[in-house]
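Just passing along the structure, written as structure tokens.
Per-chain residue numbering starts at 1, and chain names A, B, C and D are given in the order in which the chains are listed.
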């Protein structure tokens, strides 16, 4: 086990190092200048800024400087939020995105999985069609439209929930629901497909032949096995959800991390983009590691014993 | 399960009914372009009849679209930071309601030769009670210029003696720079040569505030990144900065002019999505919206206000040898084909004014608009001149040896990635196609890449919006020979000579006459073509009295505002 | 007359598919006596599995559909039992072993629990006692170190061991009937023999009746007292094992026996039955075997044959048994029954 | 014996040669996998509704712009944001362009981006996944590691990066999707190939001396095709979505070419004032997505061999 974790750790570090290296050079070859905003800076000032941030030095030298700082956990200062470090921006915005993400997952996971199970169990019946259609509608409406509609209906027309901001629990309802809807839809679909697969398995027949009740068969024989494919997608899904969603955060004015993913790259904020990429990558690697461990718990065939 | 399903169905049903509802109501409205004319003064509610009663609670809330980037005066260059800084800090002089008023400086003297400015500071305190001294200003200005700081704003001080030399690292001795605190209460600024617009620059600029050295030393590079790491001496104190979300300012009881400040608290929410902002306003969650787009004004046709100026949007035509638009007649054809008026009316924000020159008409000296006194114009009718445009096009085609506009090489319009720039680009593209049959390709890029293309000269047409500054030559300066900021790569010796003569002129009359000639020349040659001075629409409830928008960006003045009883 | 544990009368079972109705079982009548082993033999797709699975109601409706017929268990008509009622019977009164031990065990559940949950379902005993019973059962089916194995997962066992676990699971509640659906097909030869041995032993010990479904006559030879031969959803011949082996009356049975290799006769080419079974979407109106039958007569294509009862409960569905039909001597098994050859796959 | 009819004609028992009768002919039509799948699909009403909507929308996208009197670029700045009318069934936009034409030109763009943006990365994924799974060992290791790393880059950053590099035309978008979208397919195809590789028919073919290419392209890939086809179908709405999202953040397709994402994004900014400008593209996007998803679901059900009877 220790050996396994150690090996995974080494692979993870190499992955992240390669990720950082590739992103670094990819980003730096992008045309454009990070200091330019719509207010034009003169060529002189622009060159001065490049020099100030060391961006005029040979790329390889910049790379080593960056890596050296990165090893110390220092991702540098944002080029846009001039006196805030990337670390501090992530530290202040990630908890908000993560909270929103966790809330949505807490709603979407149970409901999505339950709908998936219900739909698969009643395959071809009305319940199935309703679940499938609800699920498909969930993934068929772009989130920016869904978010705007929800806001318009519940906050502006019905006035039962706040329009935006991230303060009281009531403020979290709309963004959580908007995000949860699409997650739920995805989960329903995956769970349904997975359940349909499991229902066909021989061991389900065995369980039935043992005289177990339907409920018991579904609960202890089908769901557990059907969860395996769901687990596989959970790593990337949880990562991207916790990292924030640009659209929902924008519409509901939530100061999360999601907006930075878009703004930093379109604004060519090198350090911020790098920091986000590395943070995301590390998180994903870690999440996948956790998923693998969870995998071992759910599916003993791949339990880590070595 | 069933319950959940029925709940979902209910939601869907609700959705349908509400949306159906809004379709029918929405149909009756249409843009009323006349609205702008009746509303383009910034002081509509500023003329109260009688003495209106004040509300018990003096709290102003409004919603903006962007967070501020920093509170470090030396690094600051964005609108939203400037907006907050105006309230929580104070420079030597203030720009308010279109004029210069005293700030921390009680009074100032200008030497007879117009070179030495002496500011006499009043007894004012920082919000922690310590006195504001001339050294705080000296420190702030020198810090901004220092190569160690990495400021983008050094050019604000270009008139000051040796300021640029110090900023470039050519001299290191700060005593040679024309910024000098003589004692606690006296600051002397020495210019290189007389510059009548320097005071305007100081008043309207956003980087002339004082800085407390001990704070910078304590917080290092994090200075100004949070309410704790910043201190000001303005009428308000920053108490909360929830980044990306909310900014709260409280009245500063220790402000020297605290009596004229009525608001107790100002709250700014930061909301990126416009529908959300408007929704908050509708629900009464905020008293105002910092700026709203043209289309939203339709709903508030009798309550929105506008401001204009400060920026000139103009086309830059790539005029370098070998480029498609190096042909002057082709450039003129494009310029004459534009119906500026129809675009402004249909697309631009209310308050936008069609422009025919490269100098902002608001730039004035001693109350006289410079461009009105020394006029120059591109002579294009605001609705365009298709006949003349075609004449120019035919001339261009015959010069280029082509028989039809379809034979023209591809024309690359680099467009900033923003909804308004996109809308302008599409409108212009269609007009060129309709009037001239000239096809222009639009290439949308994020801001850094778009401006990268502009600087690298990798474009044929670029819609550039630049601050018109406080001096008339601000925009014209760039187009001299070998100027690195000559975006059009237009080389004209005569223009360069005229411009330099203007800059080196001994008296104002000569300066402006030469500038007028250069101005007319550039408009005739058309490497740049002025389009309009974009306006901004904003929305505040009627009970908010005393909001004023300045000419420059980020100069919303809420400090003297008050909430009327409602 | 022995006590009949299970009796099936004229069972018709179909599947409704997009392409139409598949008549998988077309009038099967069978019975099982207490304590005996009945082998149901036939090619794949002949309806043998469907027959037993429909008895246990393991086939979901749709697509499966019991069209007609009656099923009696210990004299009680269970034909229209609901799933709930069946749950009391399954595992407790009748249980089943499936063909592939690799897929028939839940991979994510410890085998001990898989055994114990059946006990807990049917008997009111504590979890601890159930565990004890499961461990005993594991010991009984020959799993070494049963306490430890109790906590293991299926993938930690070999195929043969898994089938033992399946047997343990099936027999732990002492059912009266055990259906073994091709219990050895997926195993290698030596393991096959061991598993059959185990089933025989436990049958003797527990007094369970066994219905073994197979296409392998070798398996039949080792275990069965009675045999039912099925073809295209129908029983074509049934009787005591020795009657079927040495005195087959149906050409299909005879063909099956001929195609079975025997220990003594090396070097002889195995016979095979030409042709393929008919399609059960549209079963033929006459005898289903007629197209492949070397004794085929005109009537065979016109009308399905009725049962002809011979001695010892031997009954045959063949027009050759008709008094008017020509008489043939059908080849049967020549070598001695008690030298089983387990390689007799069809 | 009593139940056997006595009166049988004499010739009833005349011998017939086996195999000489009609019943030898197998009555059930030999149903191949694809034919079977097609049959199931056609029986699936929901999937067929989805397919019909897709076909209708495609037809409208093809023919409306051809026969309309307006062009999608023709502006009329004096008649902007007009509500739906007989002349302009969907009204006009902020530039006074006819939305009816723009919506259907947008349909062309969105559908093309959706289909190519899903099929091309799908094909790339199949090829790379096939190679990786088939050759195994070092090749597999390198490809899988590479995918691991690339998948660590937030998708959004990756796509924006590519659009910055190669521009924002429909073709550029498809390239961006192709470069970013193949990894998932590659992974699952690899997994399937790894399983299939061990199966008898592949071993048999290999012992008969089939070349690698033959094995990959004739045996392995066809066997994964069902799942790949389903994932490509599901990928179409995903790509349309992706395009819409890029439009939302301002990096969609360059004007004046409209796309649904762009129209919806334009619509959303005026939605409080002119709701029809959002509703029309939003409903169309949603209905199209719904249709593709329902059709994809049906396709998956149809292609799942385990459900075959």
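The rule is short, and it goes like this: a residue touches a chain if its C-beta (ideal position, glycine included) is under 8 Å from a C-beta of that chain, and two chains touch if they have at least 3 such contacts.
Owing to the predicted nature of the structure, the values given are computational and were not obtained by experimental measurement.
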| item | value |
| --- | --- |
| Chain D and chain A - chains in contact with each | B, C |
| Chain pair with the higher count of C-beta pairs in contact (A-C, A-B) | A-B |
| Per-chain Cα centre nearest the global Cα centre, belonging to chain | A |
| Whole-Å separation of chain centres (CA-atom averages), chain A against chain B | 37 |
| Whole-Å gap separating chain A and chain C, where each centre is the average of the chain's CA atoms | 53 |
| Centroid distance [mean C-alpha coordinates] between chain D and chain B, Å | 48 |
| Intercentroid distance (Cα basis), chain C paired with chain B, Å | 88 |
| Residues of chain C whose C-beta touches two or more other chains | none |
| Multi-chain contact residues (two or more partners), chain A | 30-32, 137, 148, 152, 265-266 |
| Chain D, residues touching no fewer than two other chains | 160, 164, 250-251, 268, 271-272 |
| Pairs of chains in contact (touch as defined earlier), listed by label | A-B, A-C, A-D, B-D, C-D |
| Chain A residues touching chain B - in the complex, by the definition given at the top | 30-46, 48-49, 52-53, 77, 80-85, 88-89, 92-93, 111, 114-115, 118, 127, 130, 134, 137, 148-149, 151-153, 155-157, 159, 162-166, 250-256, 259, 265-268 |
| In the complex with chain B, residue positions of chain D that touch it | 73-75, 77-78, 80-84, 94-96, 160, 164, 167-168, 250-251, 254-256, 268-276, 279 |
| For the chain A and chain D complex, residues of the former touching the latter | 15-16, 18-19, 22-23, 26-27, 30-32, 129, 132-133, 136-137, 139-145, 148, 152, 189, 193, 196-197, 200, 236, 240, 243, 246-247, 261-262, 265-266, 273, 276-277, 280-281, 284-285 |
| Residue ranges of chain A touching chain C (in the complex, touch as defined) | 201-203, 205-214, 216, 220-221, 224-225, 228, 298-301 |
| Residue ranges of chain D touching chain C (in the complex, touch as defined) | 1, 3-4, 8, 10-19, 21, 23-24, 26-28, 31, 39-40, 43, 309 |
